[in-house]
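Report on one structure; see the data block that follows.
As written, the chain order gives the labels A, B, C, D and E, with residue 1 at the start of each chain.
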Amino acid sequence: MEALIRWLVDTFPPLSEALARLIVYVLYSGVLAFVAPVLIVVAYTYMERKVLARIQDRVGPNRAGPLGVLQGFADAVKMLTKEDVTPACADRVVFNLAPVLATVAAILVFAVLPVAPGVIGADLQAGVLYVVAIGALGEVAALMAGWSSDNKFALLGAFRAVAQLIAYEIPIVLAILAVVLAAGSMQLGAIVAAQDIPFALVLPVAFLVLLVASIAEIGRSPFDLLEAESEIVAGYHVEYSGMKFAFFFIGEYMHLFASAGVITTLFLGGWRGPLASSDSLLGVLLGFIYFVVKTTAVIWIMMWVRGTLFRIRIDHLLDFAWKFLVPLGLILVVAVAVALKLPAVNSPALRWIALLGANVIAALLMMIVISLLARRSRSAALRAVAGAD
Amino acid sequence: MAIEQALQIFVFVILTLMTLGGGLAVVTSRNLFHAALSLILSLAGVVGYYVLLDAGFLAIVQLLIYIGAISILILFSIMLTRGLMTPRQVQRNEQWWIAALVVFLTFVVLIVALWQMVWPIADDEALRTPNVAISQLGEALVGPYAIPFEIISVLLLVALVGAIVLARETENNQGSHAEAGSSE
Amino acid sequence: MSSEFAFVGILAVFATLLPVAGLAVAWLVRPKKPNPIKQSTYECGIETRGEAWVQFRACYYVFALLFVVFDVEAAFLLPWAVAYNQLALYAVVEAVIFVAILALALVYAWRKDALRWT
Amino acid sequence: MDFLFSFTPLIPLFPLLAFAVIVLFTYRYNRLSSDIAIGSIALSTVLAWAVLLATLLGGEHIQVEGWQLRVPWLPAGTTVLDLGFAVDGFTAAMLFMVPFVCLMIFIYSQGYMKLGQPDQDPRYARFFAYISLFAAGMLGLVVARDLVLLFVSWEIMGLCSYLLIGFWSFRKADDEHHIDEAQVIRARKAALKAFITTRIGDVLLFSGIALLYSYTGTVTLREIFRPETLETLQTISLLGMPAVTVIALLVFGGAVGKSAQFPLHVWLPDAMEGPTPVSALIHAATMVAAGVYLVARMLPLFIAGFEVADAPALHWVAIVGAITALLGATIGLAQDDIKRVLAYSTISQLGYMMMGLGLGSLVAGIFHLLTHAFFKALLFLGAGSVIHGVEHGHHVAAHADHVHTEHFNPNDMKAMGGLRHRMPYTFVAYLAGTLALVGIVPFAGFWSKDEILAEAFHLWRADGALNLPFWVWLAGTLGAFFTALYMGRQLGLVFWGEPRHTAARHAHESPSSMTIPLIVLALFALLFGFVNAPFLGSPLHHFMGGVHEASEVVHAEAVPFNFTVAAISTVLAVAGLLLGWLLYRNYRPGQVEPFQVVLGPVFTLLRNKYYIDELYQQVIIRPVVWLSNFCFNIDDRWIIDPFVDLVGAAGRVASDIVRVLDSVVVDRWFVEGTAQLFNAAGRGLRYSETGRVQNYLLVVAVTILLLLGLYLYF
Amino acid sequence: MAIPLSWWLTVAAALFAIGLYGVLSRRNAIGVLLGIELMLNAANINLVAFWRFITPQALTGQVFAIFVIGIAAAEAAAGLAIIISAYRRRRTVVVDELDTMRW
């Protein structure tokens, strides 16, 4: 980004540095706000359908355009032309505002993602925290939607959705905390730079926690209770139709890509690859390609998970978050902190081993605790049964 | 630099509109849900303020905690304590005009005090480089401010326990309430 | 400092433009034939009865509470995490105590069965 | 040499230790305590003689300067009083006599108190404790370097004399020892009398010391006798006389009290109530001698006075000495009690010593004191064994005829007689003592008495006028005659003639522990005279005389042997002795006393001791008693009681007033009034509690507003 | 830096006044709570403004602000819990009706 600005200033002398910066920012945000969503939605809906189909041993969309690639655009046109019905006593303002907020929240995450070497919207000092904070806006949007549609089920759905989102935001924060501990900074750019060894290998447990929590945060697959067809009527956006529903849909997919992007940045080393470097245009392009490939891989994993796992009940879902992921996160953070401070740790290699060890220990500890609890609850259940008859 | 300042002033004006407008909405709006949402709007404005005041981390923390957690809590409690769409009630109690008067006077007095006071503005050089690195902040939190750091955790624990006791205690009432609700 | 956020601001502006434009286009394009039936709240076909009543669950509020508590904890722990390398051993102890106390909160909620989803 | 001197502080210490040990630990084991007492005094004697040896060897320097040790012990204000011990020729001489005599008496009293026999004195150990303390006091006095230690030991001796005189006063009547109730009362009265009269003397002595200290600022004798301090004393005038004379008189007053000189002699005869060894020890050898020793020690003071004043203290000493000598001798003639005769004899002999000192001759006085100590102790112990034997005889008689005769006084000479056959050792020793006392040529008494008379004669001869020395000489020779007279009477009554009483008939010799000391003392009484015999060059004179060389006031060199004086005194002595002996040789019970025939009314006068006791009774004791009654009345009846009652009444009245005030004013107005006030206020304020939170908040906001406004305004 | 300190203080004062009015005049308990939140934010703005203009180098301003936010969170949690339990008990959240503490 800086290189681009400098290039601009050199080529167009009348431009002052600030003005050049402004132009570059406008261009990049334009791309992010307009081009990226469309591309992402189209591409990844197609991909999703194809992957699911493959998993369910069927072909998937192949009618619209060669190999069905244009399926996304077909959906888009359909959405545009559908009639948009607003319930009579709905709270019109809030009702309309909800989808906007949902989309904005999803897009804003990209501001911080280091898409390519040197190319990053705003490398905030507290980038990671920004990502989490923006995620919180999604809940507000859900509540607004649920409340304004004056529909009992919508409200109930909104409550459940928010409960789930809240429950899984904490593990995300704790996983990110572990990463920040290891990386020593919150700037995403710095984290990418710190990942000589991708953190996935250094902090495997944190990686898994983040992956699972992100899936739940997006509201997909095993945790897709929100808009599951067979559940309570597609969650809080039951009263939405037409383009508003489309934007919820776009929001969801943007959120999917954003989360995947975050995961790749934090754990897979973002744009780092064999030749990626910010000095040459080629290097930048290579970096970008690496970033997209990795993100797609993560998304593929999510789709794969969606295809295979069954849906989890709401109370199991919440218990899983509060009684397993959050304690695990806490233990993880403590373990990483202690591991880093061990006297012997001085060379990077040793740090890696220490952190790996910490993660393993944390996992084992959690396994033991869970098994104990499980056995106790099982015996309690048996006693109850024995008692009953 | 002129553009820079003009831009800042412009942004300041917008943010002020957001904050004060939101505030007024919070105070006057009939529908409580709208009040809560305008509160969120006002808090977002405050986030912008912090950005303008070069307190980046603070802005994000405000965003995260206030908008992310507290407003959710408020929205939850609003929805939990009132039936959906209760009929419009006049939101102002009978003593509102006294309050208005007193508030206005307080505001006037505060403004006069502000304008009279000569604030020891730091010298220009310091003003220019305000940014405080987050690691410094971290060291401060654990170093000199270790005790408040621990106390805040205790405070949160206490608040949580208290809230749970109050909320949970309603568990058995809830049971009765549910019947009451359904029996109506 | 604020320059970074400038981009966020600009992106926010453009981000809002996207749905607004989309909706505007949709508003223009889509057919508008409102009729009372369509506009009634969708109740899987069953007529709605009484206000939208929600069964008050204590656990909703408790979850929100826990979320607030852990959110604040994260906000406090992050600067500590950032400055972690420069800090001496005492920092670890303090943070561990901090996390322990808040874990206590979770344990309390857990023991008190407040987390149970009735 | 110096090593030997370092023993001096130990000399008084041993008896003191013995006293402490006996009193604290061994008072139940009689034999052990007596052995301790005797052991300690024996040790002191050995040490004393070693010191004596050291002074002898030390030669001239030691005899004059003397050795001294300073031990700072009593911080008194700015000056630190230091306890000091000093030994010079004079002290050495005393150190020779005092411990030795004490030793003899201790051994004697072991027998006297009937150790081990059935009727052993129940308070045996206590007796030895007291006499050990007394010995410590006496020795302390002798070696004292400063007036403080001197006065302390002086007081100890006073205390011991009181305790010992009154030794038989605590006896319970039922005790098998046949001391009757009358005896107990007499003993108690005598002890009290002795203590008070000596106490009068002590007061004078103490005021003298106090004056001395106030003027000279020191208490050490050596500093006091430095010429320049004496000059200052002479110059200061006090009560119209030069200070030195006043002080000297006061000190002499103390000596009079202690050595029973003329005005204060009444206590000594009564002191005979005590056990005989006590009489011997205290009222013959040491204590009474202490007064003389004091005057001798303070002689430079008297001499300084002699130069200045016209009626110097020294003259008074001589005059009082003379009067006492004559008084003692004459009363001695008419006494029946064997110990009282000896008591009056002691008084007269002390008079002689005072006369010797009064003439300024230290050596004469002290020499007589030393010799007198020996033969008077011997006489007393002899009397003691006589009484002991008579008592024993009385017991034997009483048991034999199982009849308890009416009360029998063992001391009464009239009841004795013909004891020379029954108690031969005692008789021989008693005879030696008498010869020495009377002053027959080869014996001690002659040399020392003659020394004094020669001194007087020489002084009288020097200036020819009928001045004081002449009267002194005259009194001395008359005294000598009377002494011989009453000693002859006593011999005749006690030893010659037929036993006039059954007890005397059964009397028999005392046990060896009593007779041995008699024999030893007898030897000393006889041979000690040669210590200062002129023909040997009066070695004592050289030995002690040096002490006063420094003052060169009075001719110090020995007076040449005056043949005429010696002749006159010897003739008178022999005549008196024979006359007494012949008159009383075969005195039959109930026969009229020969002296009475000769003297007639004078004899009754003498028998009643010139009625001096009665005089004192009327003149002093009666008014004092009256005065105390009078003061008591004033105190109790007319001043204090009424005053107390007055205060009580006032208190009662005041409390009534307060009660009235309290009930009316306080209860009615203040208490109820305030209660009502608060009640009303409470009701008034109640309405402000609306219960609505926002009202309170409004009030809060208003107050904040007001505060801010105020802040801005100022 | 374009905006001088006094502007910030004015805005904060205005927000404070609005919050105060909300607290004093809202009938609904949660409305009162919203007012309190506003007042807290106004205070926070002042805090940060003072930090920025008077002691930019020192950390106290920001640390204070963070603590204030933390405490506000705890306060909101507790306050809302009270309101909810009051609602369970009294079936109302209107402040005027919750006046059992009167004489």
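Just so it is clear, contacts are C-beta pairs under 8 Å (C-beta built on N, C-alpha and C of every residue); 3 or more make two chains touch, one makes a residue touch a chain.
Everything numeric here is computed off the predicted structure, so don't read it as measured data.
Enquirer: Counting one step per pair of touching chains, how few steps separate chain A from chain E?
Expert: 2
Enquirer: If we look at chain A and chain B, which chains touch each of them?
Expert: The shared contacts of chain A and chain B, listed by label, come to C.
Enquirer: Which chains are shared contacts of chain C and chain D?
Expert: Touching chain C as well as chain D, we find B, E.
Enquirer: In terms of CA centroid distance, which chain is the most far removed from chain C?
Expert: Between chain C and every other chain, the largest centroid distance is to D.
Enquirer: Suppose chain centres are the mean of their C-alpha atoms. Which chain sits farthest from chain E?
Expert: Ranked by distance of C-alpha centres from chain E, the top chain is D.
Enquirer: Going by C-alpha centres, which chain is most central here?
Expert: Ranked by how close its C-alpha centre lies to the overall one, first comes E.
Enquirer: In angstrom, rounded to a whole number, how far apart do the mean CA points of chain D and chain E lie?
Expert: So the centre of chain D lies 105 Å away from the centre of chain E.
Enquirer: What whole-number Å value describes the gap between the mean CA coordinates of chain C and chain E?
Expert: 21
Enquirer: Averaging over Cα atoms per chain, report the distance between chain B and chain D in Å.
Expert: A distance of 109 Å separates the two centres.
Enquirer: In whole angstrom, how far does the Cα centroid of chain B sit from the Cα centroid of chain C?
Expert: 16
Enquirer: Hey, what residues on chain D touch two or more of the other chains?
Expert: 694, 698, 701
Enquirer: Of all the residues in chain A, which ones touch at least 2 other chains?
Expert: 89, 124, 126, 129-130, 132, 150, 152, 155, 159, 166, 169, 185-186
Enquirer: Would you mind listing the residues of chain B that make contact with two or more other chains?
Expert: Answer for chain B, listing residues that touch two or more other chains: 4, 8, 52, 54, 56-57, 61, 64-65, 68-70, 72-73, 76-77, 79-80, 84-85, 93, 95, 98-99, 102-103, 106, 110, 130-131, 134-137, 141, 152, 156, 159-160, 163-164, 167, 170, 174, 177.
Enquirer: Could you run through all the chain pairs that touch each other?
Expert: Pairwise, the chains that meet the contact rule are A-B, A-C, B-C, B-D, B-E, C-E, D-E.
Enquirer: Give every residue of chain E touching chain B within the complex, in rising order.
Expert: By the definition above, chain E touches chain B via 1-3, 5-11, 13-22, 24-28, 30-31, 33-35, 37-38, 41, 44-45, 48-57, 59, 62-63, 65-67, 69-78, 80-85, 87-89, 93, 95-96.
Enquirer: Mind pulling up the chain E residues that touch chain C in the complex?
Expert: 66, 69-70, 73-74, 76-77, 80-81, 84
Enquirer: Write out the stretch or stretches of chain C touching chain E in their complex.
Expert: 61, 65, 68-69, 71-72, 75-76
Enquirer: Looking at the complex, which residues from chain B come into contact with chain A?
Expert: 3-4, 31, 33-34, 37, 40, 56-57, 60-61, 63-64, 67-69, 71-72, 75-76, 79, 84-85, 131, 133-135
Enquirer: Looking at the complex, which residues from chain C come into contact with chain A?
Expert: Residues in contact with chain A: 3-8, 10-20, 22-23, 25-27, 29-34, 36, 38-44, 48, 52-54, 57, 59-60, 63-64, 66-67, 70-71, 74-75, 77-78, 81-82, 84-85, 89, 92, 95-96, 99, 102-103, 106, 109-110, 115-117.
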